[in-house]
Amino acid sequence: AQTVTVFAASSLKTALDRAAPAFEGATGYDLRLVYAGSSALARQIGAGAPADVFVSANSEWMDAVADRVIPGTRRDLLGNALVLIGRTGPEVALDAGLLDRLGSGRLAMALTEAVPAGIYGRAAFEALDLWGALAPRVAEVDNVRAALALVAIGAAPLGVVYATDAAAEPRVRVLARFDPALHPSIRYPAAAIDGGGDGAIAFLDYLEGPEASEIFAAEGFEVLE
Amino acid sequence: MSLSVHIRRDRPGFTLDIGFDAPGGLTVLFGRSGSGKTSVIDAVAGLARPDAGRIVLQGRVLFDSAAREDLPPERRGLGYIFQEGRLFPHMTVRQNLGYGRRFAARRMDLSPVVEMLGIGHLLDRRPGALSGGEKQRVAIGRALLSDPRMLLADEPMAALDAARKAEILPYFERLRDETDVPILYVSHDAAEVARLATTVVAVEDGRVARIGPAAEVLGDPGVAPTGVRAIGAVIETRIAAHHPDGLTELDAGGVPLFLPHVDRPAGSPLRVRIAAHEVVLARGDPGVLSALNRLPGTISALREGEGPGMIVTLDTPAGRLLVRVTRRSAQAMGLEVGQPCTGIVKTVALAREDVGG
Amino acid sequence: MTFWLGPEAQAALWLSLKVSFWATVASLPLGLFVAHALARWSFPGKQVLNGMVLLPLILPPVVTGYLLLLALGPQGPLGTIGTLFAFRWTGAALAAGVMAFPLMVRAIRLSIEAVDPKLEDAARTLGAPRAWVFVTVTLPLILPGILTGAVLAFAKAMGEFGATITFVSNIPGETRTLPTAIYTFLQVPGGEVEALKLVAVSVGVAMGALLVSEWLSARVARRIAGR
Amino acid sequence: MTFWLGPEAQAALWLSLKVSFWATVASLPLGLFVAHALARWSFPGKQVLNGMVLLPLILPPVVTGYLLLLALGPQGPLGTIGTLFAFRWTGAALAAGVMAFPLMVRAIRLSIEAVDPKLEDAARTLGAPRAWVFVTVTLPLILPGILTGAVLAFAKAMGEFGATITFVSNIPGETRTLPTAIYTFLQVPGGEVEALKLVAVSVGVAMGALLVSEWLSARVARRIAGR
Amino acid sequence: MSLSVHIRRDRPGFTLDIGFDAPGGLTVLFGRSGSGKTSVIDAVAGLARPDAGRIVLQGRVLFDSAAREDLPPERRGLGYIFQEGRLFPHMTVRQNLGYGRRFAARRMDLSPVVEMLGIGHLLDRRPGALSGGEKQRVAIGRALLSDPRMLLADEPMAALDAARKAEILPYFERLRDETDVPILYVSHDAAEVARLATTVVAVEDGRVARIGPAAEVLGDPGVAPTGVRAIGAVIETRIAAHHPDGLTELDAGGVPLFLPHVDRPAGSPLRVRIAAHEVVLARGDPGVLSALNRLPGTISALREGEGPGMIVTLDTPAGRLLVRVTRRSAQAMGLEVGQPCTGIVKTVALAREDVGG
């Protein structure tokens, strides 16, 4: 059977791994799922990697490989929400009270200049006019899972992560949700890469189909129409 | 007993089973290559642990397997001149020499030792820039300057020329005579042994073949651990006078003996080794000979050696003299026990190496 | 151990073993050569070579991977030989080898420097050409160094992740080694347990290699000490 | 170089220097001790220690960082001393030191093993206690190994990223080292040029350290050779 | 000229400036510790590059600074017995011995050399488990078995006992006499030098102090590079007969000389060194003495030495004899040039080490 190579952001692993057998069963294609950070995948695609499909965790990296995307195949697949988490305690309002809640601890976030979750979070705090006060109290880590871990093990009292992450970690609870309007929309675009044949299109279509949507929703993603 | 060593050590292919008690002074381990001399010294130094046994130095137990006593090397207070140098390559000669001084009870003066060893011009070099003999001399100096309670010297002069040896030997003699530092010394050189040894331990195959005062062991024609040239008598004398022509006259049991100037005050005792092969035996008047020393005596034993030679023991007023002659001479001269004879020895044959205090 | 590892993890394990083995074995000759050159020869540009060898250690692994990608990717200047490596397990081995190279070279160099050149001189006076001297005298004497170098390299290769995933990505069965698998598990919610299982496996393998090398080293040391 | 680096990058550079310096210097005594123990003593659990030293090399850095976090975090078993490190530059130094430890120990151990114990024996017969022997005989002779270990550690520390950011995150002026800065740039499209600038700086620094160590090593070697 | 060495090398604190041409046979470098002997050998071996000069071995240029010729050591085809052993620590004794054989033109047989050196029981050990003397013997074997075009031996027997030396010396003699392999040999032992040397190069402070055939250099009372005991005459003789009592009779220019059995066929030439201090001088009839050898002659020179001794040169039919006597004896005997005298030498004083082919 023909193999379809999918380059996908790591955060999609659980969902795509679950979706794969159904797709393979339904279409007869073999899927080869390659997970890494969006930046690494995008660079590899730029360097000519044999990817048929790219699913990025943010729009910028999809933009970066625009010249290899088969025109007309790009679509925004999923969305996500940003939440404030902690280990315990009551919900908090997203205002100056956050600082009290932090106490001497730190606010765990993904890198606010580089990693999407961090960028979105920072944008939200800026919109709330809290960034100036919070910035010196932030502990930035290289990915959102690490931010989650900081909170989970109690190294940081609060953290900003995706709703999907918060849902999967029993040691944390969501203390507040960010209004999606406060930050650029969180999008997981997908597209076929040149060289990708019918299989690529078939897989993209499958991802938009009801089976896949169900799986994504179960993981906490927002399935975009 | 100043040093008592009774140890056993098994190695595949070689078993060391040594036991001896040595009085003070200089004890020579004498034996062929591979007989176990270095192994004994290493055990005394604490660098090789015997399987069993006991080592006692001047009443201090260094090792006792029964009592589970095993002083570490640094607490044994020994100075060890290794067979292979073991200088510290990263230190200058001066630093090497000074290494043990920090731990010495008394800080010894560098200069006399340096001078004696002739290494003054090397003090700022590192061992990598020294010749073989120079390294050896530095190693000697390093051990001496640590002011040890006992000196272990494993062929300390093997790489040295005769002249240099002659300069260093008296130092060991002085150490032996003027201090109570016992010395355990390995040497292959019969003359060196004869001159230095208070006690000789002949080692053979990891065992003690014979032990005794130097005069006795070396004077025993049956013991020649390293060849017939090592046979010789050791005679105790006293310095009678120094003559203006550069000769020193000894009193050997009433018989005058002449030898090249010895730098000791008149009256002091002196030990002289007379190698058996250097004595000429005469019956009757030997006429005008260049040899100055004549020791009249009586033959007390005749012993056939290996080969064409035999050893004649001549009892003289100076002590027992050993003379090596050919059987042919013995026959021609009709030598037999009880016969009076004169042993003739050249003054110059009594070389520096054979004469010691 | 296979029964408690899923098929994917097993595949990653075998691939990691293959990649690490070849990364170590294939870089050994070059490592030896470079170490020898650095230890014993003097030539113009020596310090440059010296620095280049150290580079992969200083650079963040991602940068090393990126540079490899730039150089050997289909569009890179070395693209022609790049096809031998790009997005293949050989590329993973290359990345791991490059990352481990400084460790290997430094260890070997250190032990070459500890060999007394006088022994090599002695061998030459006996008529042995330089290459033979190296093989029969230097090489056996630096075996502990080579083993140390190899173990460090192997361990590094078993753990290497940043350069590998950046250079050859994370293709199941081809370039998805244990560390990349671990990374992927760590990136998804609830993947920690699976990740730690893989970590344990990789640690176990590296420890095995370590023990073997220790045993060999001790043998060599014992021989030389003459026991 | 400061004029073409922004103030943030400058801060990262100085911090990296500080972190790498202290990571190297502070781990040296322990590295020496462990290397000596592994090279010269035999004790129960030796191979366990040996393996533990190698661990940070095998583990993905993130895992090492995570384990540090677990151990030293407020809930961790070492939580009380953890406050000395958590989210502080000292923690970055700790992480870098831990990551570099295998390299340092292995290099030092290798050179200790190359020192002839007969020299140490000789020193002991001269009355020197073991510690003094180590300081005056072993230590100077293994200087090349220590330098190699230190350079490897320093270089590793200059490049360490995964464990550092996981353990102490990325706080500007406190734990934002050069590699984190580089990583940040690499995560945004088009950040490569800025990243490579920082890479160049970090490489330059490490090369400086390398040259100094080479010079020192050569001096030691020359001395011992007696020239 | 079989070996021609003319080299110069400057080092801080030591300048080597050596030039000599040696015929075949065994050339001894003789000199005090640190005089530059090892430096010369290293240069010949190609291990230390001189600043300038030329080294030619049997017509083959090994080094020539002018012609920029510098053969690497492995192509010089030499066998080097190092002063400090340099055995390969990771190889067994057998492997050490065999190392050079692979590159030898002829594969030599291991067993005779192993037997001669007495290392048969050590073949499977590694150098770390050998004693000092054992190591040295293996090093000798290793060099010999590489079937070299020339042998370089730097104090090869320094760590050996006299008995072992006596076993190995004849091997060097045979090498010298029965092959055309030149040997460059360093030794501090006058007897060894006298017995082995074809040519003696006396080195002093990096310079050649004197060079010549062994008989000439050692027989020159003015040259005593390592002490007065090295002075002695070397006499060329021929074996006249072997006697049943174990003595060998030599014909020394018509005068019979007796010495302990020498294992050579009658008629073969033999070189005998007679140390100056071992000769007794007699005027008139010496009577019945145990010394068998009497060499009548005429005093041709008297020379005052250092100290109380002097050297008498006695021209005998056997050749020139050197006799060391005290000035006192000389006066007492009224020795003067032109006077007839007899030199008396004990048979057993002519020890194995002093006798060679």
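Labels for the chains are A, B, C, D and E, by order of writing; each one numbers its residues from 1.
Methods note: contacts are C-beta pairs under 8 Å (C-beta built on N, C-alpha and C of every residue); 3 or more make two chains touch, one makes a residue touch a chain.
Listed by chain with UniProt protein names: B, E = Sulfate/thiosulfate import ATP-binding protein CysA; C, D = Molybdenum transport system permease.
Since the model is a prediction, treat every value here as computed from it, not as a measurement.
Could you tell me which chains are in contact with chain B and with chain C alike?
Under the touch definition, chain B and chain C have D, E as mutual neighbours.
Just list the two chains that share the greatest number of C-beta contact pairs.
Max contact pairs: B-E.
Just curious, how far off is chain D from chain C if you go by their C-alpha centres, in Å?
19
CA centre of chain B versus CA centre of chain D: separation in Å?
A distance of 56 Å separates the two centres.
Any idea how many Å lie between the Cα centroids of chain A and chain B?
89
Could you please state the distance in Å, as a whole number, between where the Cα atoms of chain A are centred and where those of chain C are centred?
Their C-alpha centroids are separated by 34 Å.
Where does chain D touch two or more other chains at once, residue-wise?
62, 161-162, 183, 186
Scan chain B for residues touching two or more other chains and write them down.
Residue numbers touching two or more other chains: 125, 129-130.
Could you tell me which residues belong to chain A and also touch two or more other chains?
In chain A, residues 37 touch at least two other chains, as defined above.
Which of the chains are touching one another, listed as pairs?
The set of touching chain pairs is A-C, A-D, B-D, B-E, C-D, C-E.
Going by the contact rule at the top, pick out the chain B residues touching chain E in the complex.
11, 13, 31-34, 37-38, 83-84, 121, 125, 129-134, 136-137, 154-155, 158-164, 166, 188, 190, 225-230, 243, 245-247, 258, 260-261, 276-278, 280-292, 307-309, 323-330, 333, 344, 346-349, 351, 353
Enumerate the contact residues on chain E facing chain C in the complex.
45-47, 72-74, 76-80, 82, 84, 86, 88-90, 99-100, 102-104, 125-130, 142-143, 146, 152
Can you list the residues on chain C that touch chain D in the complex?
My answer: residues 47, 50-51, 54-55, 57-63, 66, 102-103, 106-107, 109-111, 113-114, 144-145, 148, 151-152, 155-156, 158-159, 161-162, 179, 182-183, 186, 195, 199, 202-203, 206-207, 210-211, 214, 221.
Which residues, counting only chain C, touch chain A once they are in their complex?
Contact set of chain C toward chain A: 62, 65-66, 69-70, 73-76, 86-87, 165-166, 169-172, 176, 180, 183-191.
Please name which positions on chain A make contact with chain C in the complex.
On the chain A side, the touching residues are 5, 7, 10-11, 13-14, 32-37, 40-41, 43-44, 47-50, 143, 145, 164-165, 167-169, 219.
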